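Next up, some structures in structure tokens.
In what follows, chain A forms one complex with chain B and a second complex with chain C.
Right after this comes the complex of A and B.
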């Protein structure tokens, strides 16, 4: 599974865990759009720290970086590859 | 995988049928193509503004409506000048207020100017000590200002100026904080929205509605059609606020007027004075209080966000179906969204990202306590600076013992709620009714410790809570 697919699978699992099984696009705003909450952003942060070694305390944190699959991939691309 | 990939939708064996869940008391007018098209015409815009103005009259004086509606009309007809109007209008309104005190106006302009300078410095020197931790600098500076004001000799000019400055800063500090937080956000050239968000045209409490300029940029309508949709959503939200306002009036008249059930503050006072209301009446007061607070928060938030949407920003509601929450964390998120966001942005994330990285559970608990105990207490202590002025710093801190207790209990409950992974059940009773009842009961009882007047010590509130369960001490 490539990076994008892994990220998408993780975010999808988060949504399903909240009872949200609606489809979503890679560019869709999930945090600002209200489908994911701050606690979900925390889950994504831990996932990105563990999986891609991103240190948000070092690079600075902005919810917009985690707002969509595209945004997360763009963030990951600065430290690793995201197909 | 392409950027536009979509997860497969569940196959539906037959066309979607309309159910009771689809019923809307206020129709989703923003989804009707004809209405959206009409709202983009000159006549449509005029109708929209007139309807909105009429709605606003439910909450504001005629002058207040005009003050709000004029800039909103300019934005509606000339959306390309939206940021300019939003930046300038609050400053103009500040200067033309009839009850202006020159010293306070001067201090307000000074605090806004200081906010702009701090924002500029944080952008200019991002690697400096200030540029790396501007929020710590801002909140520490504000705390120091309060301490200095406490040290000033009473009834002197310095005392008056210092406390007026504290009062003015208290109303701007979180707005400036959001601007500083957004220092690295793009674009880096146009900063008019930062100025607009220091004290937004659509009104706000001490909590910024809706967050800062970077957030506003992300939710701003980009074309005429988007503007029409957002404005129709604003009109709809205002209609909601009016309906809830009518409910609030009838509610108060029926329960406290006709049925003569005391308010929770009255019931508590009766207990303190040794003439407690009957057991069932105390419960009724407490339950009513919970719904009254929820209604009041919803109405206030809807009013602000409705105006914000009319200005062309598709902001999320401040209160969204809190009574359907199945977890304590979910209610906290749905009840007062922008205050929760403030705690998360200023206290939770910075703590979570720096400390206890090796232990996820401990990280969440520590960050939650930092936000809800420290952040919530700091917010209320500085918001109610007049208590500090009246009682002095130490005695004011003592009067906040009830708030500290409230915050600690809430933080513990939120931590457990966030860490607990509960299996979802579709069963009506176990999956829906019982979780919702549990959440509402928790917040209803926690409401005993909401004491804005800070009249009684913690022991009194604890005794009152125990009395509801026939426990005496």
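Right after this comes the complex of A and C.
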């Protein structure tokens, strides 16, 4: 599974875990759009730290970096490849 | 033995039950169960989840400080992470400043000299209160927030030697001696606690370290009695014009169900007088901010007074505001006619909430096909009945009164009570505890939502139904079981507690 697909699968599982099974596009705002909350962002952060070795203390953190699949992939591209 | 008593005896045999009350309404049998928190935590596994929740909040606070703007925040006003529930954008710094300063204005009259703060964060309160103290111990679990705080303190020489910083969880009071501080501050923190039992343990430790005559200030608490109007106001704000009433109602329930922060009824804090003998009085203060925002509308402060000498409370006669719906001008005239006595006004409509409550009432009766557009159209026609608490305080102060406010009555319309104490009163009068109007008994059934506990409580309900089926004749198995935080003890075997629970979100219900 490529990086984008893995990220999408993770976020989808997160949404389903909250009872949200509605589809979402890669560019859709998830955090600022309200489908995910801050505490969910932590799950994404831990996933990115573990999977891609991203260190937010080093690169800085902003919720906008995690707001959509596209944004997350763009973030990962600065440290790893993302298809 | 009555049928209800037999069912109660059976339920009490289950280790997950701390107390229970069974009522019958016609042929239906309803059981209210106060759970054994230790069972939910240790046997069903919530304590692992709770630790995980605390870990996640800690990470959020650390991550917030990794934002590149953190370094350039003004000293004492790091507003990162303060986002509007409505727009999800940062709340204006000036509103946060007012939020901080109005909170400090409530704490300083408690005269803290040796203070302990739980969850100091980046020091927004500390930097304003510590200069008034001899010693200020500040604790937080966020490494990054404390690093930011230490940097700020280095820029303020007068705080050197006066402030001590500890990195620790809220429950950890290690090294703080019994009765060694006069003030504990726990501000805008309890919403991140995983459960009522965790909060109670924190407060037990806090009571232990406060000396006689001291205070515990639990500030900026999200109000459970107003959770529904708040949820509705956010849902309506975010709705598209064409969204239907049916969709709005579903979103409100979902928002309430998915709430990840702990929302508390003032009734919880008021119950602490029974739980902690050293707590001599508990007050519930609605916020006095000038800004009209989600914090001033839907949050309150709880103040626990520890071992205060109070042989009697201030005898205040309360006038019922709802009988006349006094305006500010009416109250001005009334106060000007008073001759040095303490006087009270109860059930004052809270104009901050007029619109949200009126719209929520419309939503309740609207046709499912009506739209958000129609609701918004009706908004403009909503009459403002109430009085802004801040306006009342300013009015009283201008006429020479100290104005005390209370939300101890826990009314779901957000109405509040006020006592006007002439500023010329001797301290022996102005400092007496007030016998505030209290909540009707039914309000004591639910103390808090239970964020993250849904799965565990449903498991408990499944077990309780199975337990009843195994130990009772089929006809005596309850039709539904509700998990609640406390029971009304009227001593009346036929007491009807059903009305106190009413509605899906007032307690976790399960039908057999």
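By our rule, the second predicted complex is superposed on the first by the 83 of 83 C-alpha atoms of A that agree within 3 Å, B and C clash if a C-alpha of one lies under 4 Å from a C-alpha of the other, contacts with A are read in each partner's own complex, and residues count from 1 in each chain.
In this text, a residue touches a chain if its C-beta (ideal position, glycine included) is under 8 Å from a C-beta of that chain, and two chains touch if they have at least 3 such contacts.
These figures come from a predicted structure and were not determined experimentally.
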item	value
Superposed model, chain A: greater residue contact from chain B or chain C	B
Which superposed partner A:42 touches (first chain B, second chain C, both, neither)	both
Partner chain(s) touched by A:4 [first = chain B, second = chain C, both, neither]	first
Contacts of A:23 with chain B and chain C, given as first, second, both or neither	first
First, second, both or neither for A:60, with chain B first and chain C second	both
Shared chain A surface residues [contacts with chain B and with chain C]	19, 32, 34, 37-39, 42, 45-46, 56-57, 60-62
Touch list for chain A against partner chain C, complex	18-19, 31-34, 37-39, 41-43, 45-46, 56-57, 60-62
Residue ranges of chain C touching chain A (in the complex, touch as defined)	53, 56-57, 59-60, 62-64, 66-68, 81, 88-89, 144, 238, 254, 258, 260
Residues on chain A engaged by chain B in the complex (per definition of touch)	2, 4-5, 8, 12, 19, 21-27, 29, 32, 34, 37-39, 42, 45-46, 49, 56-57, 60-62, 64, 70, 83
Contact footprint of chain A on chain B as seen in their complex	1-10, 184-185, 214-215, 218-219, 316, 320, 329, 333, 340-341, 344, 348-349, 352-354, 357, 360, 364, 418, 424
